[in-house]
Structures are given as C-alpha cells and as structure tokens.
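Each structure below appears as structure tokens.
The same chain A turns up in both complexes below, where it pairs with chain B and then with chain C.
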Partner chain A sequence: MENIKEDLRQYILDEFLPGESASNLKDDTPLRSSGILDSVATLKTVTFVEERYGIEVEAHEASVENFDTIEAIEALVKSKKG
Partner chain B sequence: MDLELSEQQQQLQKAAIEFAQKELADDLIRRDRDQVFSAEGWKKCADFGALGLPVPAEYGGMGLGITDVIAVMEGLGYGARDHGLLFSINAHLWTNSLPILKFGTEEQKRKYLPGLSNGELIGANGASEPNSGSDIFSMRTHAERRGDTYVLNGTKTFVSNAPVANLFAVYATLDPKLGSMGITGFLVERDTPGLTVSRHLEKMGLRTSPMAELIFDNCVIPASNRLGREGRGVNVFESSMEWERGCILANYLGLMRRQLENCIAHVRNRKQFGQPIGKFQSIANKIVDMKVRLDACRPLVYRIGWLKEQGKSAMMEASVAKLFVSESLVSSCMDALQIYGGYGFMVEQGIERELRDALGSTLYSGTSEIQRNVIAKCLGI
Partner chain C sequence: MAHLADYLEASTRRFPDRVAAADPDSTSLTYRQLNERATRVAGFLVARGVRPGDRVGLALPKNTDALTAVFGVLKAGAAYVPVDWTGPAERIATIFGNCNVQAIFTHSSRAALADGAATSVVLGTDSVSGESTFTWNAVLAHAALEAPPAVRDAEDLAYILYTSGSTGVPKGVTLTHRNATSFVDWCSSVFDPTEHDRFSSHAPFHFDLSILDIYVPLKHGAAVYLIPEDLGKKPKDLARFIAESRITVWYSTPAILALLGEFGGLDQFDYSSLRTVLFAGEVFPVKQLRRLVSQWPHPAYYNLYGPTETNVCTFARIPTPVPEDRTQPYPIGWPCSNCAALVLDEGKEVEPGAEGLLYISGDSVFSGYWGRAEETASVFIERDGVRWYNTGDVVRQQGDEGFIYVGRRDRMIKRRGYRIELGEIESCLYKHASISEAAVVALPDPQAGMRVFACVVAPAESRPSIVQLKIFCSQNLPAYMNPDVFVFLDELPRTSTNKVNYQELIRTVASPSA
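Moving on to the complex of A and B:
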C-alpha cells in the first residue's frame, strides 16, 4: 500500500515549506486554514494527487475540509481510489 | 549544469544573430515612433523558424529543447534591434502556442499549431483585466457552460498582439466562489461573434508590439475550444508564465551582450581630455558593472532551461531570473546612456529606445514585486 501521508508530507514540505522539519508537519496540522496552502497551492496539491494516484478531483471537492490536513487529503484519495 | 553551449547550439545562435542583423533592421525608428508592428518581420521570423522553436516537427515547428530555444533567443536578442517584435514573438510562443502544445487536445494541436508556427496565425493571451492585474486570479471574466458551448462575458486588458492576433488564449472563471479552482482556459478565434478587439493601447516602450483590450459580450465558443480541464486554467497560466519568464529573458542576455560590446568599443574610441574616456575610472566602472550583471544573469536564465530539461519545476528559479535580469537590464541601459552621454540621449543611437523597452520588462509577466512574492512563497515565507 502506498504511503499516501508520507508522499503528501514530502510534497508539501518540498513545495511550500522548504527547510521545515518533517516532524513539524503533522497529519493534523492545518494547511488551508493556517495559510500554508493558499488557493493556488491547493490547486497544485490537487494536481499532484491526481497525477500521483491516477484520480480526478472535481472543483467542489477541493474544499477546505478535504484539503485542510494531510489526513483529510489521504481520506479523499482513498475514497477516490475505492 | 553545463553553461557551455553545445556545437549545435552555437551554430543555432550564430544563425539567429546573422538572421536578425540582416533581416530585422528595417525602419525601426519610424516604426517605434508610429507604433507599427512589422508583419514582414513576423513572416521572416516564421520562415527562419522562430515562431515554432519549441513546437515538435509533427505540428510544423522545429522541435528544439528549451536550452536550444534559449540559445536562439539570446542570438535574436543580440542581433535584432526591434525588441517589440521579439516581445510579440515571446507572447505568441509562451502564452499561446506552448499552452496548446502542453494542455491542448490533439485536435487543437493539429488545428492551430501549424499555422502558429508558419506565421499564418498570430497568437495572444488574455489574462489581465482592468481590476485584476497582479491579483490575476480575482478575474471577473465569466464563462458559462451551455450545452456544447461556453458563453464568455468580460474584458481583458494589456493583451499583447491583440490588434494583429488571430487566436487568443483566454482565462475566465466558471464561478468566482470556486476561486482558483474555477478558472479555466479557452481558445477564442478572432472572428468569433461577441469578441471585440477594442482600443489600441499606446505604450512607453516595446511600441512595435501592438497591444489592445478584448471585450467579450455573450461570446459563444464551442466546448471543444476549452484549453485543458475545467477549473485548471491556473495550471495552464502558471505554466505559460514559467516558460515566458524564462525564455523572454534570453533576448535580454543578447541585448546586454551587444550593449556591453558597443560600450567597450565606444569608450576605447571616444577621446576627451586627450585620452579614451574608458581610462576614466568612473566610466570604466560602469562597463565593469555591465559585465558583472551580464555574467550573473546568464546562468540564471540557462538554469531554467536545465531544470525544465530535467523535468523539474522552475517556478522559483524563473522568478529569480525574471527579477534579476529585468532589473539588471534597466541598470545596464542606464549605464549605457551615461557612457554615451548626449549621443545616448538621441533617438538615432537607439539606447533610449532600449531603455524604454527595458522598463517594460520589470512590469510584464509579473512585476518585480510579484516576482519577490513568488520567491518568498517558494521559500515558505
């Protein structure tokens, strides 16, 4: 099974939090509501998960609740992969 | 990263310099004054291959890699005086042809890319709006899906090439409440009912590159002209900006190199107080500053090519290069003007035009302030 959480953590650290320690980006660290992911960064993250996991995310699914934490994104990916 | 051009790249660059020096030198002072786009120059550039540099041969282009393209663009920038024409070519390539190549359907590629590459079609890009410039994704131009069509309403401004373009890559929101996820790209042909190319905008520099506004009034386009997926226009736009910010700067490497060579020749030959003016430290220092800027700029531009060829993102690096090269260019134009003194202030010399053109580079494709914002964001700040 792919380690979706670790993939997401590494992607977010590389793209949006360079230099930050992985230990500071926890599964439940707020991403959208804290400003780590703004709307454009969210779209980049959506594109990343689509390409990485072969899924399609609709516009209404890129909501704050689905993309506010690593664990929420993982849940969305798992629900899409079935 | 190897900064040395390959033998093939050197040949391409040499050919570009010779072509531009010979073919793109006509009547520029008058055309700059009267804001005249050179259709003849455009066709010559098409015949040379400049309009299809990165487009694969199967779609009518030359199929060059990005570093090859940068080498050619550097050569064109060195050889050509008409940087308005080069700016138009960059707008055409990076905000129209390349998005079609990267995000278009096979049908769109086959329909448009051959014409865009051979000069029959001129491409333009409509993103900025009267109330959304740097805050580009707050755009108000709206697209509504109706059956097999989209209906566009809104206004785009600062559209380079608009007065002469046949095909527009346009961005509109499907629903402002969706924010960036609502923005979608579309291809709109010039003769589409409901599209008006409005007033010609007069500019300080790059005056041979025409600019106008676009007005969409219930402009109906087929759904097959959507560029990329619904709600993914930001990806299309950001990709085109990344390419444009990288490649448009290559022209300026050439311009800075030519300017430096001309200034060195001038300070060796021009004598005041019984000696070449280059012997005066205050003049020599300006030459040195121009040289340092050029040498610092060049790796920044070629790094973008190297990163893209590795399949890596160059978002931050493109902004670093855009910021540094554009501001260095302005500084070097100012130095050249001072070095030439009163002669530099004369239109005939061309330096005042290069300075006016250079000032545009700190504004288009994201102002210097926006580049700093992008870099700060990429640094996690």
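Moving on to the complex of A and C:
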C-alpha cells in the first residue's frame, strides 16, 4: 500500500512521459490540465489502477478531480481498498 | 433546396412537434421551438448590424443552445465560425481575428474570449456588463426576424472550419451552402434517413463530421442527440447513452469506436435500434474494427473519406463480419455520386493499381482558404475546364474495392481524426524562451495511430523539464497536438543544404535507445 504513489509515478513516467526524471513529476503535478494525461491516457491509467489494485473504478469516478494528480489517484485507490 | 436554413424551415412545416435536438441532460427542442428560437437569434444579429456574408464566432459548449445559435447565424445570412471553446485563448483570438467576426457567442466561463467584439453574447449567466454584451436570455427574447435579410444564394458562405496550418497559423476552410447541401443531399440518397431516425452528434461543431450530424437529421425531421465533450470521451457512459437514447445512426472517428469496443462494455446494453455506423477521419485499424463488429454485428458499416475541403468525397460499405484473417485496412472506396476523382502522378493519370495523388472535383469542394489566395491557388489544378482539389493524400486503386489510402507526401498527419501540421507544433515550441531549435516528427503506432515526437534543443542550464514542456504545449496548442514524446538533442541533424534532416530524426526517435 505504501508504494501506490511510486507505482503510479513510475507508470505515468514510463507510459506518458518517457525520458522524464521522477523528481519532475510531483505528487501534486496536475496531470489533466497539463496535457500529461489526455482522455485516452486517462482510460489506460484507470485500467492500470483497476488491474494493479484489484478494484473497480466506476465511469463517473474516472473524473478530472480523481485523476488530476498522483495524490488524488492514490486517495481514490485507498478509499476503494477500504 | 440549396440553403442550410431551408432544411430546418421545411422540416418545421412538416414536423413541428417532433423532437429536433436533445441534450443528455434531457433538454430537448421540437422543430417549432428550435426554429422559433433561431429566428429570434437572427432578429437580434440583424438588429446588431450583422449583414449577409458577415462571420459570427461560436465558442460554445455543444448543446441545444449552440445549435440554436448556428441556425440563428444562418438565418441572418451570415456564416458561423465554430471553435473549440476549451482551447487556448490566443489561438481562438487568432481565428476570430483572421476572418474578422462581427459577433461572438461564448460561455460565461470563457467570457474573455469575446473581449473587443462589436457584439458579444455570453451564455450561462444572467448578468453581463457593457453596451455591446448580451445574455442568451436577452437574445432569445428579441423580436423574431420577419424575413430573410437577403435572397438566399447557394454561393453564400455558410461556415468556416479552421484546421492546422503548417506555418503555425490555423487556416480557414470556407464552405458555401452549395458545398454543404451537395454533401447532405448525397447522404440522403445513400443512408435513407427518415423522421424516425435518431442521429448521434459526437464530433464537436468545429470538426467537419458535424455537418452530417446536424443537417442530415434536421433535413429529414429526425432527431439529433448532441453529445458534450466530456461524455464523448468516456466509453462506459457513452455506451449506456447510445443504448438508452436508442441511437439509430452513429457517426464518429474510429478512435472513439475503438474505445467503445475495448472499454464500453457493449454486451451489457440493447443496441437493437442501431442501424448504421459511419466512421471517418482516419484509418480504422482492422483488429479494433473486428472487435467492435463482433459486439455490434447487425448495423451497416461505412467508411467515409474526405478532407474538410471536399466534405466526404469517397465511401465504402464495409462487409461484415470482419474476416478473422483480414489484416489489411479497408478501402476508402469509390467517389460519392456528387464528386469525381482523379489519381495523378507528376501530373499524369496513373494506371489502375498504381499510386498517385488523389484529386477531387464536384459541388461539395470548398471555394478557398479565408484570406489566403496564394495557398488556395496552390491546392487546385485545372484540367479539361474543371477545377480539381489536390487532397495531398496518396491512394491506389485496388481491384473492385476502390481506392486504398496509402499515406501523404507532406508533413500533415492525422491523430484521432484531427489534422495536424507538424510545423504548427514546431512554431509553438519556438515560442518557448529556452528552446533554440525544434523539429517534430511522427511515427505510426499500432495502438495510438500516430505518435508525435518533439525533438528540441535547449541549453543545459535552462533546459525545461518534460512536464514543463507538456504544460507549455497545453497552453498554446489544442490537446490533440500535444507531443507524446520529448527528446532533447544537442543539435538537430541537418542535410547538406542545412535543412532539418527529418529522415535522420525519424531514425533517431525510432531507435530503441531514444
């Protein structure tokens, strides 16, 4: 559970920011308004989170608020895992 | 009929109480309501001095109000200029300035987009300030236009759609009522619409797919279901919406259809109403198309092809099911009955089966780029007294399947159905204070269609991070133009004549170590 943020950071770096160093992608870096995650990338991230943590993200939960930062995604995952 | 406003007026006389347009939040307008409101918008615009031939900018979220504004502009004899209302303000200002709009409609959350306009209308609010700014309610309360302000002529400008321009400035494709109605009437002959149809409107109004979405249903007394941008990107929600709205004719880019097939959970809903699925804008990867067809086996599928400049000009019916062993993309097919096609290589017609550039003529072909006479002249040729538009697309005739799309010889690519001039991304990167050189290339990608690589040169001491570059691009370019990958280089490879060596760059970014 402790590594959720690091898992997410590594996934986003590998998939959508190839070549970027981890220190530039902060827990509160906006992902949606910055263009790092477009709509397709967000869907992929939702699928990653679902498979990685064995949770189901409802369509309305895949919102800008829940997926705009690494810490927001972590909060969603934690709330889902209870 | 040769004027888009005639379609709405004729359908209003035949079907005044049928639903013309609906939003997902269950706001809907009957033909009588839509026509009456649009006539009030037209009355307002004419009273504000908008004259036939003038341009009116629309920076609005897609809903029944935006559709009302479109018809208000057309009834006033003016042309509408739709833009992505969520896009960068500077780009929108460039577009509205380029064609010198007389009035701007925008939403209260982006009210500044209308600053400086002779007339502005702000939707989504009850209070505005300034003598030339009006609320939507004030416009809808205006006295209706009694008669068209001028004789409606098929050659009048109907709308301008701006596409990516290679020099960094978007270019306006001007389309007349004849161009649009020629295409809409062709749709009538092939897709047999009736007043019982329910059409999807997935594409935004600034995208040429919207011409079919809006005018084909409204010509026939059918209903158009306007899908706002956020719903349009969520496959699960969209899958439910299509089923619950009992959409009969769907039209979109392959990208969202592929997402529906992959993430939509289509097996959970009833799609028995869906009779026709149309797609256009880019090649539909066969694997993704097969998956969609396996879940939606019964509708008729069509691949439509055509740049914004021509409307749809060739089409192919896709036989279903998609055979398991097919890997080759489906053809773009044969010319529509309102168009003619010519395939030329260095000015000479090619033998069937050989590659060449596709040229199109016909009533649906545009008249020119706004304010760019030279560029307009450069895309047309004259042959046997007929004006032919050079699509820039390389095609090859394949047996009786029709034309196969092969690729392009210039620096334009397609991504999610949008045209992107790679030069426009370069122009944006050059605006960044720390970037001394920039070159952008694209490589085909089985999943994403195209991946865009931005190669930049920046001094080590002020080198921006990739996150910073992403943010910079999102502030200056539409989202679909934001590069997928940024590569820092010490210098750009050059040819012997000191031009950027794009072939070398493609090899660099394609190598696994990049």
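The rule we apply is simple: the second predicted complex is superposed on the first by the 80 of 82 C-alpha atoms of A that agree within 3 Å, B and C clash if a C-alpha of one lies under 4 Å from a C-alpha of the other, contacts with A are read in each partner's own complex, and residues count from 1 in each chain.
Going forward, a residue touches a chain if its C-beta (ideal position, glycine included) is under 8 Å from a C-beta of that chain, and two chains touch if they have at least 3 such contacts.
Just so it is clear, the structure is predicted and the values come from calculations on it, not from any experiment.
Contacts of A:L17 after superposition: both chain B and chain C are touched. In the superposition on chain A, A:L25 makes contact with chain C only, while chain B stays out of contact range. Of the two partner chains, both chain B and chain C are touched by A:A59.
Applying the stated contact rule after C-alpha superposition, one finds that A:S33 touches chain C and leaves chain B untouched. Shared interface residues of chain A, touching chain B in one complex and chain C in the other, are 16-20, 39-40, 43, 47, 59-60, 62. Across the complex, chain C is touched by residues 16-21, 24-25, 29-30, 33-36, 38-40, 43, 47, 59-60, 62 of chain A. Residues 137, 174-175, 178-182, 230-232, 234-235, 238, 313, 377-380 of chain B touch chain A in their complex. Touching chain B in their complex are the following residues of chain A: 15-20, 39-44, 46-47, 58-60, 62.
Only residues 233-237, 255, 259, 263, 416, 448, 465-468, 470-471, 473-474, 479-480, 482, 484-488 of chain C touch chain A when the two sit together in their complex.
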